[in-house]
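Each structure below is given as structure tokens.
Across the two complexes that follow, chain A remains constant while its partner is chain B and subsequently chain C.
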Partner chain A sequence: MSATIKDTYARRVRTFARGSESVLITTSVIGFVVLASTTHGNLLTRGTLTAIFQFLAVPVIVGLAQMVVLGVGQMNLSVGVLTGFCSMVAAWLMIRLGVPAWLAVVGAVGVGAMAGLINGVIVVLTRINGFIVTLATMTIIDGLRYGINGTSTFQGYSPSLVRFGKGSSLGVPNVFLVAMAVAALVAVFFRRTVAGRRLLASGGNPLAARLSGVSNDRSIVIAHMISGLLAGVAGVLEVALSGSVNATIGDDLLLPSFAAPIIGGVALAGGVISVLGTCLAAFIMRMVDVARAQYSIDPSWVDVIIGVVVLGAVLLTQLRHRGGGPR
Partner chain B sequence: MRTAEHCASIVDHLDEDGQGAAKPVHGRAIPFWANPRFGLVVVIAVLIVVFSALRSAFLNVDLSLVPMQADLSVFVVVGLAQMAVLSLGHMNLAVPRMAAISAFAMGWSYQHLSVPLWLGLVIGLAVGALVGALAGWIITATGVNSFVVTLALDFALVGVVSLLYSQVGDGVAFSVHPAGMQTLRNGTFADYCAGSVCGPPVPVVVPIALGAAVLVGLLFFSVRAGREMLMTGSNANAAQLSGIATTRRIVQAHALSGMLAALAGFILAVNNGSFSADIGKSFLLPSFLGPVLGGTALAGGAVSVVGTILGATLTEVIQAGLNLLQFSIQQLNIYIGGVLLVALSADRARQLLAERRAQRS
Partner chain C sequence: MTFVAENVVKRFPGVLALDGATLRLEDGTVHALLGENGAGKSTLIKVVTGVYRPDGGRLLISDGPSALREVQFSGPHDSQRAGIGVVHQERNLIPAFSVAENIALQALPQRRGFVSRAAMFELAGRCLDHLDVGLDLHSPVEGLSVAHKQLVEIAKALAVDSSVLLLDEPTASLTTDEAERLFTVVRRLRDHGRAVVLVSHKLEEVFAIADTVTVLRDGRSVTEAQPLRDFTRAQIVDLMVGREYTEVETTSRRVDRSALPVIELEDVSTRAGHRDVSLHVHRGEIVGLYGLVGAGRTELARCILGLDRITAGSVRVNGAPARIRGVTAALHRFRIGYVTENRKEEGLFLDQPISRNVAVTVWRRLARAGLVRSKGERALVEQYREQLGMRIRGPRQLAGELSGGNQQKVSLAKWLAADCDILVIDEPTVGIDVRTKAAFHDLIVKLADTGIAILLITSDLPEMVALADRIAVMKDYVIVGELDNNHRYDTTSQAVIRMIHDGTAA
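And then the complex of A and B:
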């Protein structure tokens, strides 16, 4: 009995995700081709291509950080500022404490995971809505982020880390490779590991999950911790990529962190995630930004377009839901 | 009010994960100390005493109390704007940008149509209400979560507002000062004297905010539309089955939210002395702080206007006090976030304690 329910559920999720992902793939490909041909191949020069993928890495990871908590039906408003905070921590470790780069990276990611863990524990212990808890921790982390170095900039840390961040392997930017590897790990976590499946079970139907012996509290804590960890990874990538960091990093990441998973077909209610969809949506948003730069359009249009795309994507999903029989 | 609140407390316990065992308190009323409003009053009083002991300037009328009241007027109305949709169990993430676009409409009509102050305000409120109604309409027509709709709307409006300012407006702000704006900005009732008796040192904008609070309170307390919004928030299906036009109520609540956001934008513009593109930018956090600290549940079905005013007051007192102690704005954030967490946890603890006691007796 429970096996059949699980099977149909899994199948429904799979077909749903596949449908939404195929639309996204088509959109990305068409968008890229149109953009490449209308800019007279300007898009295909080595420099432009590298820039496109370099600056795709952080949005992808931040989108995944939001996706993980959406998977259990929670939200994490602190994703953006936490990314900035972890960047500052990594730079601070290297410059002020003279810690070697690899240790600073581990430290910053650890700080991210810790912050996520605290979010999760507060949500579970107090039973306050996750939205409000992370709104509060967002405010706190925002303050801490500026507490490290005020408004001044950290620069001149580990040249080897920056060389790695700006470099490419086999023509692909290193930071993008890292982002893809992390995305693959997240996908494996949700698809293959028991903890990942439990997380989705808690998100999809908490009551059923509890009756089948899944601890929803543990799922929530784990999801928040992974979300913080991913924000830490994004922060480290930012440090490696930019060569200098200050406390404004992360200010513009919160809204895109929601936009990527939502466009990617992740349900806010929980239980449904799509790693591929989130990555593709981040790519599409990046394309909108690139198009703006290529056609030198007013940057404000990017926000308008992304707003419309978010709504359009959700509507499309909704329509497919209705068309596809009972939900 | 009580019944809606009571229902909400049950809903709250069931909340999203269905884990909390629903144990409504029957018969006995919750003791007074379990009321979040009571806790807020105590905390506010303690903080005022502490701050004025540390810095006597905290109680200085012209330098501290008057600007505090002017700021507070903005926060109260911003809080009410969020509260209007929290009544449905919805959220409005576009409060900042609804304020911004209404402020643009007001500034534009003052500059180019040379309308009087009140007419510009009416135009701004109408724009806010329209944008809010649009959000509500999209939510009801598509069945998409209010969070996503207002998030997308916020994205779109960020772009639209800066496009409007750069193309139709004068860059980033309107230079116009309609007649009466200066009075609203600097005037207090102490300027108005009847013989030797002068008014209290209360800024002229305060009654606008208080008036809005009273009207919103009346709406939710004794007007059918407001009661039906609460019912919709409490249980949309039950409301629908009892013949409430839930669709219309949802659109109306969002329109109200947009209108209040516009009013907050107006008061802020008056306080700042100009209608500029950054009106509303800092509204998102305060919009949640007021109602949530004041005990309005995110689940919907219960609102508290007094709580929202107290929550906004607490935020303002902390900000003004720490400002006076020369904390930077970033350090300030750490404390405000901390207070939010502590206040809500204490609230939850009090609630549990009260329930346990009520069950035992």
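And then the complex of A and C:
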């Protein structure tokens, strides 16, 4: 009996070692160590560490927002601008309407969820490809984002929210803690809830899902709604962290939103997700960014490197699929 | 030219699809390739056309009077170059391209990297002339009728100068008139010295047009390139179904038919095209629905499950009229489960663990406070692992890693878990080896013994005779007859085949 248990564990360890998560963990650790040692420990100062994890929070959440829709076999191009839009909504609620911070947070997240819900409903009702629907809504939200306050900046909103955003608990940045908590919730959602599993069933094999009594339409709507909700959370974190927001927030989030899940081993075709992988991939991309700052590399190289890493990751997954496993 | 595929062997994981099949083709003949579903016809065609590589046997070819030489096809391209063209059952045309573009696709005339349009139209026109059909070369293919598309595919095969032309079930979706016109074309091709291979289930058309015949059974050729006129229709049927299955499970089961049927269809017509279908299944009864491919059996199952619309007639479940709006309703309100024919595409989530595949229908029941307990899922898998004899490593193994038979068991477990009273089982043993097949038959009978009403759809006649208590025969979306199964293979199979070919009840 104990032999079989040991066997099971050995197999689980092997499965893990073969998976992309282990590759990502190794890459992250090596990257971090190399970076720390080549910068003479500069990386390990309190200020630098805090900055690394503070600015990891939003990419992680945005990556997860994309991952959720990828899981059901869809895409959400509006993730980036929606994050910016939700930031603007939160700030607008506080400054123009004098709404208390907590209510503004709830409102902004709600707006995100609503926008996602609309995306999903349009996809389901019109049967237009999600790529095209969200391309259109991306443009619409982009316009709305500038509509709120033009190109000017909102600042001086709720000091307590900003204090929370810039602060740390037990040495860990608060925004990063929030991001980790959200990631854990997303993981539980997919692993344990009926809706989460149905979502993956729809993404993995829509036909089989339908014949098993799963509503693919509902899965699509839920996925888009959660995606929007997460974009709302990312927007709120942005508001809390930066202390001032304008309509350009979210402009540079679309590529990373895809890069994180793809590097993290999420199947573009749907049905397979990895919360841990997405978080780790976001961390690796953050390291690339940090390396640029530490070595004063031309910023344009960062995009080149991330682009290459995305291609490499996809290629690696493909090779692994061809190599091992049945067919 | 002569083409010979000699003693071809092809193995798939868990299945021996071809086990010494020989196909010998001479030019200027129409050759019928016959066999029941699963006998290996499609596999043999895929070997001949270079889609599959054989695991044993040889492919030989000779041009004109020269001696046979061995060839090896590493892909469809090679077989095309050797002069073998094929028209597959599924359409392979590009809808938005014009007729000419489609015909010339494989042999696009080029000049300095540009398509020579004039040469393309000339080529396409020549191919269509050959068939003596007038089609507008410029019109896009998507607007054409099924029959015309078929002709375009044949022209496409001719464009690469095929001396052997394989037609896989060419008349499956044609009307009688269209089929007749197609055969005129086939005869013309034969008279021009080509070898035409016709794969068909319709014996009447085979006898009308073919010169020679090869019959496959269980992956083996039982008749090789014999003149068709030496056979009667009954003899061919005997060759196709074989007699060695005669004594598989001949026990008759006792079914209590005094109570109301669990499910009853009365004069049902559907949007899919069924007319006046009446059928009922009692508790613990296995009713077989037999018919050829395309007879409308799977389509009827889909209508019962609410995937397609019933336009007239009534469905009653346990005596009460039922309007089934979709699979969810079928499953949860009426307790009808559907074990699909195509487990890979319709039955399973290959990238996900067995536990999730089995529990997908009952997550709601397993959930506490919205969270599914993996313990409950695992318990479910363990239960059916034993009951169904699944050979798996554990509940976490991915469904895609299992053999065909075990995949089918996972698919079945899913519906048993959902606690169904009625199971529609569609082609349960396609692509499953003989031993697992026997185990599966046992299982189905045991399920019926527990009181489940089973509607069994299978094209495997021995299987049908072994399992069913009653057999309904469907042809062209109509039930043409029904008989009590006495489990005697020779008489029952003859009666069933007769119903199909005569279209009348025995």
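In the analysis below, the second predicted complex is superposed on the first by the 308 of 327 C-alpha atoms of A that agree within 3 Å, B and C clash if a C-alpha of one lies under 4 Å from a C-alpha of the other, contacts with A are read in each partner's own complex, and residues count from 1 in each chain.
FYI, a residue touches a chain if its C-beta (ideal position, glycine included) is under 8 Å from a C-beta of that chain, and two chains touch if they have at least 3 such contacts.
Given the structure is predicted, the values throughout are model-derived calculations rather than measurements.
Of the two partner chains, chain C is the only one touched by A:192; chain B is not. In the superposition on chain A, A:105 makes contact with neither chain B nor chain C. The partner of chain A that touches more of its residues, comparing chain B with chain C, is B. In the superposed model, A:144 lies in contact with chain B only, and not with chain C.
In the superposition on chain A, A:231 makes contact with neither chain B nor chain C. Once the two complexes are laid over each other on the shared chain, residue contacts for A:200 go to chain C alone; chain B is not touched. When the shared chain is aligned, chain C comes close enough to touch A:213, but chain B does not. Residue overlap on chain A between the chain B contacts of one complex and the chain C contacts of the other covers 207, 210. Against chain A, in their complex, chain C makes its touches with residues 13, 305, 307, 327-328, 330-332, 338, 340, 345-352, 356, 360-361, 363-364, 367, 370-372, 374, 393-394, 396, 400-401, 414.
On the side of chain A, the complex with chain C involves touching residues 8, 11-12, 188, 192-194, 197-198, 200-201, 204-205, 207-215, 267, 271-272, 325-327.
By the touch rule above, chain B contacts chain A in their complex via residues 15-20, 91, 138, 142-145, 147-149, 151-160, 162-163, 166, 285, 288, 292, 298, 328, 330-338, 340-341, 344-345, 348.
Residues of chain A touching chain B in their complex: 73, 122, 126-129, 131-133, 135-147, 202, 206-207, 210, 216-217, 220, 247, 255, 258-259, 262, 268-269, 298, 300-308, 310-311, 314-315, 318.
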